[in-house]
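See the structures that follow.
Shared between the two complexes below is chain A, which has chain B as its partner in the first and chain C in the second.
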Partner chain A sequence: MAYKLIGKDFTPQDVRPKVTGAGKYTEDFKVDGMVYMKMLLCPMPSANVTSFDATDALDMPGVFGVLTADEVPQVEEPGFPMLTNKPRQLGMPIAAIAAETESIAAEALEKIKVTFDPQPFVLDPLESLYPGGTNALDGGNVTGGNIQGKEGVGGNKIHDFKWTARDFAIAGDEKMPMGEAPVEWAVGDVEAAFAEAALIIDEPFVTASSSHAALEPRSVLSYWENGKCFIHGSSQSQSWMMPGLARMMNISLEDIVYVAEYCGGGFGSKASPYPVQGMTAYMSKKIGRPVMLRVTRAEEYHFGGQRPGFQGQVKMGFDKQGKMTACDLYIVQSGGPNRGSGDYSSAAGAVALVYTPTNMRFRGAAVVTNKPWHVSQRGPGQNQIACVIEPLLDKAAKELGIDRIAIRNLNAPEADVKFTNRNSTVTSMFLKDAFSLGADLFKWEEKKKMSGQRNGSKVIGVGVGTAYHSAGSNGFDGLLSIRPDGKLYVHSGVGNLGTYSYAGTSRAAAEVLQCSWDNTVVLRGDSRQGLPWTLAQFGSNSSYTNTRTNFVAATKMKKMLQRLAAQELGDAPEDYDVANESVFHTSDETKIMTFAEAASKAIELGGEWDGHEYPDDLNDVTKSAMKKVVGAGLVSAAKDKIPKEGSVPGMATGYCMIELDTETGKFEILEYHSVADCGTVLHPKGLEQQLRGGAVMGIGEAVLDRVIYDPQNGLCATVGLDQTKPPSILDVPSNMEMSAVDKPDLSNPLGVKGIGEPAMGCAAAALLCAISDATGIYFNRTPVDPDMIINALSGRPQSFKPLQVNT
Partner chain B sequence: MKDMMPSFNLVQPIDVKSAINLLTEAGAGGWAIAGGQDSFDWFKDRIKRPHTVVDLSGIDSIKGIRETDDGGIEIGALTTLTDVEQNPIIKEKYGLLSTASGRVASPQIRNKGTLGGNVSQDARCWYYRSGLDCYRAGGNTCYADTPEGMNREHCLFGASRCVAVTPSDTAVALTTLEANMVIVGPNGERIVPASEYFIGPAIDIERMTVLEPGDVLIAIRIPAKWSGAKFYFEKVADRATWDFPLVNIASAMKVSEGIIEDISITCGAVECVPKRLTVVQDIVRGSAANEETASLAAGAASRGASALNYNHFKIPLMENLVKRAIRG
Partner chain C sequence: MQKKFNSDRYDPLSTERDSLSRRHFIKGVIAAGTVAGAAGLMTGCSDNSNNSASSASVERLVTINVNGRSRPVDVMPNETLAHTLRNKLSLTGTKIGCDRGACGACTVMIDGVTQNSCSILTHTVRKGNVVTVEGVGGVNGQLHPVQTAMIEELAPQCGFCTPGQVVSGVALLQRNPNPTREEVRQALAGNLCRCGAYNNYINAIVNAAGSA
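Up next, the complex of A and B:
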């Protein structure tokens, strides 16, 4: 289909302000009378506060108040507290001080007399599962799942759960102990399939936790005016934040004003309301002044989120042709002292979809530890497991004498795939097209011949990687207004993570209404603009979800324009069409109404035309937004009720060639190419930056990002960018090629689906496969650091046991 | 990182004499700051809390690069690493130092960081930098050298209660070039060879260099001896920029008709001080610069290494780097 705007490049409105510095991030705001807040953090991994005296701090000139755990709502385990007297991780906030300057606040913090009673702590999930092992929380050590016969176990509660000593004894150090699993499902008969398999791969694995490491540590500004609570936050989402913040502050939705125009990255860690937002607002309420909190980099590492790490065992059976006939996957997921994410289950789903094993069993346990808050990070579960399975798939291909893309193709799903025990389906599937296009563009056959070529101490490695994420949702609201200035206003509740998808998806409305982009205004970043309810900007969903919401609102708007024109100018609505910022009679050019005229008429008519009346099925957030939009012009609000069955699969493939120095363990990525199956390309440059940015982050996940804890004292070695080591510009290839299959997903009216998350996983997997190709070693661990490569190539054992974590 | 410095008195002398006087006056509460790339970390963490900070950056006499009468060069301690890297004389005659300077940290840090600061920076052991009461911080334990210590970056040699390593890239180059460090203190000027400037924990566990309170490193003199030699510098780090070495190596060789006539070689990040590989020098001097000699030397280089829990990879890495330096 020929589109006017979809699939075309444009410059989103936030690009220039970002480049010039004019864009205002939370900490750029200043409000009269504003004071600064700093937090007192727990200096150990688990403790109880036994005494607290802030008298000396409060006596300091310039100090306005202290906020303690007693003054904010408390959450039940395994929730993450705003402030607590029972901190269960290093860096968990105990109290906060507000002062005229941050300098005074920092000094005042040192005058607080606080004593801690250190508690036992645990950093390794397997240690916690051992009989008698420490529980990270008072209530237990495992969340999620449902074990038969155990009362009260299941859901999001925390419970005490141990394996037997026998489970550990049988496994030894080289294999994952596999006791009873809180979560388990199976399809077919894996044991029977293993018995008939031509090849079995059975390996333990570890994927390390990694920090989200957004460029902008989060900041919060909060103040109260006329009973309304204003919160400026660094967040991925806009409207999604509103109900949670209202609950956090125990006020109505109407009394929350949320401003989040710019966000310096979040990768999942700033998707939903977070505790320091509430803390800042409560401090502001207490002292009666606007309060600014600027979280430091180290603090961001403590409570800004980490990707859950995995310890696991995967056993895969293949027939002679390379078809995966059986997969038995066990994952123990490492979390912080809070309700974890569903990474482990998502990982199992990804294996079931991407490799379509004929028989599969999944077992999993989500264990809480006294490490930081763990939360979904770009490709939660799917990207970790891509790092595990993809190199092992290469190992299988090698042993079976099959090409590595061929084995992926053989196991790749078709559009009618049914996967997991739920027989889940997908809305489209073009993974095989992506492999085909990728192999051509990367010149796979040619590159493959270079594999293993030596140049002195250097050797060439080539790899391919695949990743998936369910990348789209439905059921949210669209809201548009056409105003007397003749422009189309797209009210976007999406948020601005930095992907520009708020803008790309807004173009869906302009496309339907054939409105020029110059006359389209995107309202965003401030709930006072009247922003509709939509999903958080996470899970690669925005492109799919919000092209739908804007499509339905625009389709309704078009009908309203047609009806309005027919009503005012005569003839039937079907006799009118919409384009060029006007509604016009298709066979009588005298009958035309401009957008400006339609907007004025709508205001005059009121009722259903200017937002006074609206559908009852809109979400409360949208209804609240309607009160701000009413009377502004011709207003269209609609809920997305377009049918959707199944997961929206964002699929990405990556192709990588490296030259690895066998004497230093270092390598250079010579080439990287990524090909996406993301439906119709919505915004080519946006896609390119997602695939490129995802590749950079994937390289970090595969070989660099470090999270190190000392098991003796629970302290963290990685609390700065120089210590966690995300990739530098010199660690990634300067030129990365990006392409897309560009075939529409028919469940989206514009064919669009998301891609942000698998863009990372495929790059991580491709790089790990290239390293294994160059070295002949399957590390079964991320990140693969130079020390691991050097040890392996010099015939030395690794410094850690196969399932050891925090190294 | 608490990201908020405690208050201190800032004084900004414009000559060395004033700086020495101010530092002497401040005593134990004084702190000399050059580019600030090490100091500000300590201050922002609120761990080091001097009451008087003497900012040396206004002293023009200790900046710049000049040739000396003996054919060598003198580099003012306050010369930025970028200037050292890009200086045409250094590039031409002492490319080793230029290369090493260009591998320090990141371009932004090299634009502010100085050569004097780079060689005088404090240990980067993460336990020490966390503000723990370890031996180096005046306490009575080492957190890194324990059965479970996380010590991938720590030492193979010279452990003496502390197992931190020298983190400097330029220190190994200057040691190899047999540079002399010009120090001015309350008692006047003294010149210390680079090989003696760096001190290990057995000598003084709370310092990395011979600098005493009140001392200022004002210049680094490189003799003509290794001018134009065959140089080799390599740094292996996790990242290609903004990282400290896992191991680095710096060598200068005089090779004639394939025979190594003379050599100076130093390895970094394996000991608290740049490790001069004198055994390697003895082995290869007079031998052919080839794979066989390189292998022989590599094995000898790591002799005596004592690995910790997580750093035994440094043994083959060090051997490989020695090999690469010698075979060229």
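Up next, the complex of A and C:
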């Protein structure tokens, strides 16, 4: 289909404010009477507060108040408390002080007399699974899953779960102990398949936890006006925040005003409401002043979220042709002292889809530790496991004498794939097209010949990587208004994560209504604009989800315009069409209404036309938004009920060539190319950004990013950007090439799928594969640092055991 | 005061930049004679109002030249330039990502040289000309070619590092009007971008060099 807007580049409205510095992030706001808050954080990995006296602090001039755990809602384990007297991680907030300046607040914190009873703590999930091992929480150490025959176990609650000493003894140091698993599923018979396999690869692995390290810390500004609670936050999402914030503050949706026009990065860690937002609002309520909480970088490392690390074992069987006939995957996922994300299950799903093993068993345990809050990070689960499986797939290809793209192609899914024990399906699949295009563009055959070429101490390595993420959702609401100024207003509940998908998806509405982009206004970033309910801006879903909602609302809007014109000008609605900001009779050019006229008429008519009446199946957030939109013009609100069967697969492939110095273990990435299967390309420059940016973050995941804790004291050794090392411009190639298969996903009216997360995983995997290609070594661990490379190349043992964490 | 880079070519092997500038920064605080100020430094906070409980932290009226204008402002002895700009001069384009000179979001030019304004004490720049992201364009709001090129290239993603990238790019073009991609890369080496928009920033600055 020839589109006017879809697939074309444009300038989103928030780019200029970003380059001029005019865009306002949370800390850039100032409100009259605003005071500053600082938090008292737990200085040890687990403790009970035994006494707390803030008298001296409150006596200081300039101090407005203290907020303690008793004054905010408490959560049950394994929830994330706002403030607590039983901190179960380093840096967990215990109390907060508000004062005229931050310095006064900081001095006041030092005057609080607080005593702690230190508690046992655990940082390594395997230690917690050992018989008698420490539980990070009072209620236990494992979340999720069901163990039959054990009472009170299951769902998201926490339970006490141990393996046997025998499980550990059998495994020894070199292999993952594989005791009973809280989560388990199987397809086919892996043991029988292993018995017949031509090749078996059986390896332990570790992927490190890493910080999201968004450049903007999660600062909060909150104040109350006329009973309404205003919160300015740094969040990936907009409308998604509303119900959670209302619950957190125990007020109605109508009484929350949420402002998040700009967000300085989130990567999963700012997807949903977070406790410091509530804490700031409670403090503001208590002292009757606007309160600003500027979160510091070090604090961000304590409660800003981390990607769960994995410890595991994967056993894969292949036939002679390279088909993966069996995969037995065991993952122990490291979490913080709270309910984590489902990374381990997502990882298993990704293996089942990307490599389509004929037989598969997955076992997993999500273990809580006294490390910080662990939460989804870009490609949660899928990207960690890509780092594990992809190099091992190369190992199999090498042993079987098969080309590395060929083995991926052989195992790649088709559109009719059924995967996991749930027999999940997909809405489209063009992974093989991506390999084919990628091999051409990267000149795989030529590059492959360069593999192993030496220049002094330097050697060339070439790698290919694949990653997947379920990249789209459905069932959310679209909301549009055409106003007396003659413009189309797209009300977007999508957050501003920097992907510009809020804008790209808004173009779906303009496309349907054949409205010029110049006359399309996107309303966003402030719930007072009247913003509809939609999913958080996570999970690579926005492009798919919100092209649907905007398509649905625009289709309804078009019908409303046709009916309105027929009613006012005569003839039937079908005699009218919509384009150029007007609804016009297709065979009588005198019968025409401009958008401006239609809007004025709608306001005059009221009822169903101007938002007074709306469908009852809209979400409460959208219904609340309708109250702000009503009477603004011609208003269309609709819920997305377009059918969708199966997962929406965003697939990405990466191709990488490096030159590695065998004397230093350092390397340079000479070339990187990425090819995506993301359906129809919605916004070419936006796609390029995601593929490139994902590649940068993937390079970080593969070789740089990690957080480290001191095992003796449980203190964090990585509280600065110079320590967790997100990639700098010097760590990445200065020109990375991007392409897309550009074939539509037919479950989306515009053919669009998401891509943000696999863009990262495929790059991480491709780089690790290139390192293994250059060195002949499979590290089974991320990040791979130069020390590990040097040790391996010189035949020295590594400084850690295969399943050791915090290395 | 340490220059952010000793030369146009940043030497990644040198540890001089971080350690020296940090040491100078702390020495500056101590020279300013304020114990409470040092406590504020360690807890990562700065004062934002005109009266403080800390008896040693007496503000002084100084005049600094920012974006071509003389700006009289009351500053604390331990106050960083980033805080003065953001909280007292309402120039919030300068962002604070780490407050430790590690990320470059607070990059400004002082006498044409890029500096991390979070790691510069305001009272030390009384004789300097400070240019922030708000001051790189024309007086009537025209964009600098680097900014225009960044819009065309859709360079920013989340945008939080962008003001720093803009300032580093403008500073580079002032001293080297036709940089190579590698020279741009070196000039932006102090500006972290977690979104990973590095290629786009390089493209934009190279394009701007052609039209500047």
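Convention: the second predicted complex is superposed on the first by the 807 of 807 C-alpha atoms of A that agree within 3 Å, B and C clash if a C-alpha of one lies under 4 Å from a C-alpha of the other, contacts with A are read in each partner's own complex, and residues count from 1 in each chain.
The rule is short, and it goes like this: contacts are C-beta pairs under 8 Å (C-beta built on N, C-alpha and C of every residue); 3 or more make two chains touch, one makes a residue touch a chain.
These numbers were taken from a predicted model, which means no experiment stands behind them.
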Partner chain(s) touched by A:Ala596 [first = chain B, second = chain C, both, neither]: neither
Partner chain(s) touched by A:Leu569 [first = chain B, second = chain C, both, neither]: neither
First, second, both or neither for A:Val19, with chain B first and chain C second: second
Chain A residues touched by each partner, larger count belonging to chain B or chain C: C
First, second, both or neither for A:Glu216, with chain B first and chain C second: second
Chain B versus chain C as contact partner of A:Tyr500, first or second or both or neither: second
Which of chain B and chain C A:Arg796 touches, first, second, both or neither: first
Touched partner set for A:Ala198, first chain B, second chain C, both or neither: neither
First, second, both or neither for A:Ile642, with chain B first and chain C second: neither
Chain B versus chain C as contact partner of A:Asp710, first or second or both or neither: first
On chain A, the residue positions that both chain B and chain C contact, one per complex: 38, 102-103, 105-107, 110, 296-298, 720-722, 727-730
Residues of chain B touching chain A in the complex: 1-7, 46, 106, 126-127, 130, 132, 143, 146, 148-150, 152, 234, 236, 238-243, 246, 309-313, 316-317, 320-321, 323-324
Contact footprint of chain B on chain A as seen in their complex: 38, 102-103, 105-107, 110, 296-298, 457, 663-666, 704, 706, 708-713, 715, 717, 719-723, 725, 727-731, 785-788, 790-791, 794, 796, 799-800, 806-807
Touching residues on chain A, where the partner in the complex is chain C: 9, 11-12, 14-25, 27-28, 30, 36, 38, 60-62, 100-107, 109-110, 212-217, 262-267, 294, 296-298, 496-500, 685-686, 688-689, 692-697, 720-722, 726-730, 732-736
Of all residues in chain C, those that touch chain A in their complex: 12, 18, 36-37, 39-40, 43-49, 51-54, 57, 86, 90-100, 102-103, 105, 132-134, 137, 143, 147, 150-163, 166, 181-182, 184-186, 188-189, 191-202
